[in-house]
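Dropping the structure in here first, questions after.
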Amino acid sequence: MSFDALVPSAIDGLMLGFVYGLAAMGLTLIFGVMRVINLSHGPVIALGMYVVYVLFTGVGVNPYIGLIAALVIGLAFGIAVYLVAVDRVIDQPELTTLLATFSVNLMIIGIATAVFTTTPRAVDISLGSVGTGNVTILGTHVVAVVVAMVVAATLYAFLFRSRIGKSIRAVANNRAAAELMGIDSRRMLALSFGIGTALAMLSGGLLATLFAFTPLSGGTYEVKSFVIVVLGGLGNPSGALIGGIVLGLLEGVSTVVIPVSWVPVFEYAIFILILLVRPSGLFGSRT
Amino acid sequence: MNGIRVGGIVLALIGLLAAACGGVATPAPVAKKLIIGFTASQTGAQNVASSKQTEGIKLWVDDVTKAGGIKLKDGTVLMPEIKFYDDESKTDRVQALYTKLINDDKVDFLLSPYSSGLVKAAAVVSEQNAKVMITAGGADDATMEQGFQNIYQVYAPASRYLTGAIDLMLKLDPSIKKVAIVSEKDSFSVSVVTAAKPYAESKGLQVVVNQGYDTGTTDFAPFINQIVAAAPDAIIGGGHLPDGTTLAKQLAEKKVTARFVALLVAPPETTFADIGDAALSIVGPSQWEPQTKYSADAAKSLNIAYYGPANADFIKSYTAMFKADPTYHSAGGYAAGLTLQKAIEDAGGTDPAKVRAALDKMDFMTFYGRIKFSTDPKTHGKQTIHEMVYVQWQKGSDGKLAKQIVWPTEAKSADAQLRK
Amino acid sequence: MIRYRIPFLPVVAVIIAAVAALPIVIGSPSLREELFLVFMLVTLASSINIIMGYTGYVSFGHIVFFGLGGYFAFYLMQVQGWHFLFALIASAFPASLIALLIGIPILRLRGAYFALATVGINEAMRTAINNFEPFGGAVGMFFNFSIYLQYGGAKSAAVLAYYTMVLIAIATIGTSYAIKRSKFGLSLMAIREDQDVAMVVGIDPARAKVTAYVISSFFPALAGATFFFKNGIIEPGHAFDLIRSIESLVMVVLGGIGTVAGPIVGAAVYEWLRSFLITSSALANFQLFLAGLLLLVVVLFVKSGLVGWLRNRFPMLRSYIP
């Protein structure tokens, strides 16, 4: 194919990869802390898109300010979902929690399609672009990368420097022992679920500034998140970010070599392969 | 358990006939309901264009009702009544709902959804139940080459969509040599490109990019990067409204310089201009535009009948009823209704066999253009004679974007311009 | 040993036959269409129950076999000109063969990894066929209408498809029942409870799991072939619809995981709900919300589903409702 397109495609992919990584971090955090695969991850990403959209078109709030709302709403929503759907079945076999989070998935999509319909929506902002020759980088993409990096760094500081963050890691490590040390594990679990959801919503909000969407758009990003989480190691947030960047890069580069519609096939194949060969991911899981 | 049954109820008002040999007494009309069913994409990706089509159909019903109904030779009067559901732009909904329309709502005739993919799904159900369906919004050639007996296509087929654009392009700038084709992978767009690519090559053009994107794509960066790398003089393709609009927008954002850009379906829609300057100089094929000149006089010179309202009247009643400009999707919907009406009048009733025979014989003109169907068994019902026009968005003297017809030259309202 | 006083299978077969005959007797095409869908869902749900209910492996992407059966059969009918019934039988074998080839590696995975892998398989198949031109690619395939002539017209073809689906449903239930009563079924349930202990007792888990998976892939393939034969069109997104896959899962959980009657009840209830909501789009999307809500309530409170709850509450019924 055309190698002149290689550099711009790689750059585009790389930048998108940061946003993918951000989304995946939410998923992997939840799994790391409570061994639950959150199947409501996709619709939550879509919800983040709509939060930013509604604030932007309804009240005129700048989408980047809207991201903060997405974060806060995500946190509250995540805690609520945990308490209602997950808490009761947290110690039960995986199938149960899988189905519980999946039921939340169906409910979110059902309500969102009923309220917003599947008509594509878009957040129309333009921050200009910069570039030379074949490479044009859009301002919105640059901002997305910056936001993703800032949030990832903040999450890291939170998990490793703050007291609550350390409590969460303690619960992730050994729930019974953490309780013995006086940590209210239930509260920490709810909080982690909330943070995971908040991260997903935030990435959704960022994606809204880049592309058009419907309530079903979360689906593709959910699967990408699974691929990334498996790539980076289940429960490993830094692995998720790196995995996201790797996937984004891979996507970008492969469009130069194979027809674009084959890229998803390629991605899913890698996914299955990694599950079979090295389920602990490229970086090893922290579980 | 299953939903609502709407029977066709005949209300009879029998007036007294004056006796007498040859007495021409107008009996008080016997008004019967004519139930016409279809699905509309009130939600989903096809929402905007489909709503325009539904508005066209509604306007037709309104006009017929105001004129007193469809009057048959034997004095019966048919009052059209539409029944439609939201198909959410999904084929499985279309099939389930058309089955419902036919079996439960007991419709007399069918119109189609908007967009070739959905029309194909509806056609299968309609044909399986031997119900006559007039399609608007479905240009795909393949659907009309399946040997259907009951489906009649009002849109000019997809194979004609971009061939005219290529002619326009070469007339505008004969130095154009390299063309990139980026189109949606659905039956309509594939039909268009299957005809356009060989046509372009036959004119000596070199197709440097030929890629398809999946329906629902919102990120065209990979394609645009390939386009930029291949440096074509012209870009043609697209698919439907949401993707076409996004593609145009991203081409501008990425500062792609191509002297000629032609996209399907999106440019003739008024909402296309929402993307601002990105819409400038983009060309699009259209089944009808407000500036077209199909009229009773034109019909007379061709020795065929003219049927329905004049162009100006259509635009006026549409704008009055919907407070917006009509697009070719609206015109298509109205034309489908008109076609059905004329067929029923010609057939003298609603008997499907007679209506089909009437449709097979038709060759007439409306504000929308000329309509005639193929009677060849392999392509039965395909539109044979309707012509496309091509529009381009240009900045008027007031600095605002406006749609102009730029091709064919006999129909144009402004000269075509190259894209900067 | 459990003794069944009333033979479940013949009774169920009679009931199904009676229900199936109803639309023919009263001459209602719309009821027939409705029941066609119900029997299809019963087939899907019962099949998933074999791998999920008995063996404990949640196959999220099970619909892949439905799609494969549909595509193989469609190809044989449209491109090679085969008769529906031959294409039907022929389509299930490649689908089950693929199940065998996929099953061997992925059934080594446990729990959540397996579930994710099945999603990956479905999506990989969907996107691959999306690009596969002999199967029509993204546009899919559709019947040249004259194909229906050999069945006496489209309407007769629909009736043929209906009867076929009824038979497929009965066959699926019969197989499910036979498995449950057999030693093979016991070994599956042992694997579900504790795979390591099962190995100690002498069960070969790999072989048992793969056999169950292959069996569970056969009937969805048949159902898919029949469904798309009637539809006249097949497209990748429609054939490998993950939502439909999940819905059949919900039906099994709703009705009662691991029981034979559960999937039947679950499918019937769910489809009744859906048809009730189909005419309005706002309500139709609400249907998905309701599905989720139902699933959550069942998972949180009534884990064994409707039939399971009945069996727990009234132990006497156990012999009548397996």
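In this document, chain identifiers A, B and C correspond to the written order of the chains, with residue numbering beginning at 1 in each.
Methods note: a contact is a pair of C-beta atoms (placed from the backbone, for glycine too) under 8 Å apart; a residue touches a chain by one contact, two chains touch by 3 or more.
Keep in mind it's a predicted model, so treat the numbers as computed, not measured.
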Chain whose average C-alpha position is farthest from chain A's own | B
What are the two chains with the most C-beta pairs touching?
-> A-C
So what's the Cα centroid distance for chain A and chain C, whole Å?
-> 32
Cα centroid separation, chain A vs chain B, in Å, comes to 41
Could you list the positions in chain B whose residues touch two or more of the other chains?
-> 42-43, 88, 185, 212, 214
Return the residues of chain C touching two or more other chains; collapse runs of consecutive numbers into ranges.
-> 130, 138, 281
Hunt down the residues of chain A that sit against at least two other chains at once, touch-wise.
-> 113, 117, 259, 261
For chain C, which residues count as touching chain A in their complex?
-> 56, 58, 105-106, 108-109, 111-113, 115-117, 119-121, 123-124, 127-128, 130-131, 138, 242, 246, 249-250, 253, 281-282, 285-296, 299-300, 303
Residue positions on chain C within touch of chain B in the complex are 29-31, 33-34, 130, 137-139, 142-146, 148, 154-155, 157-158, 231-233, 235, 238, 272, 275-276, 278-281, 284
Touching chain C in the complex, chain A uses residues 37, 85, 88-89, 93-96, 98-100, 102-111, 113-114, 117, 219, 223, 226, 230, 259, 261-262, 264-265, 268-269, 271-272, 275-276, 279
Chain A contacts chain B in the complex at 1-5, 8-9, 12, 16, 113, 117-120, 122, 126, 129, 131, 134, 136, 138, 210-214, 217, 252, 255-256, 259-261, 263
In the complex formed with chain A, which residues of chain B make contact?
-> 42-45, 47-48, 88-89, 185, 211-214, 218-219, 221-223, 225-226, 228-230, 242, 246, 253-255
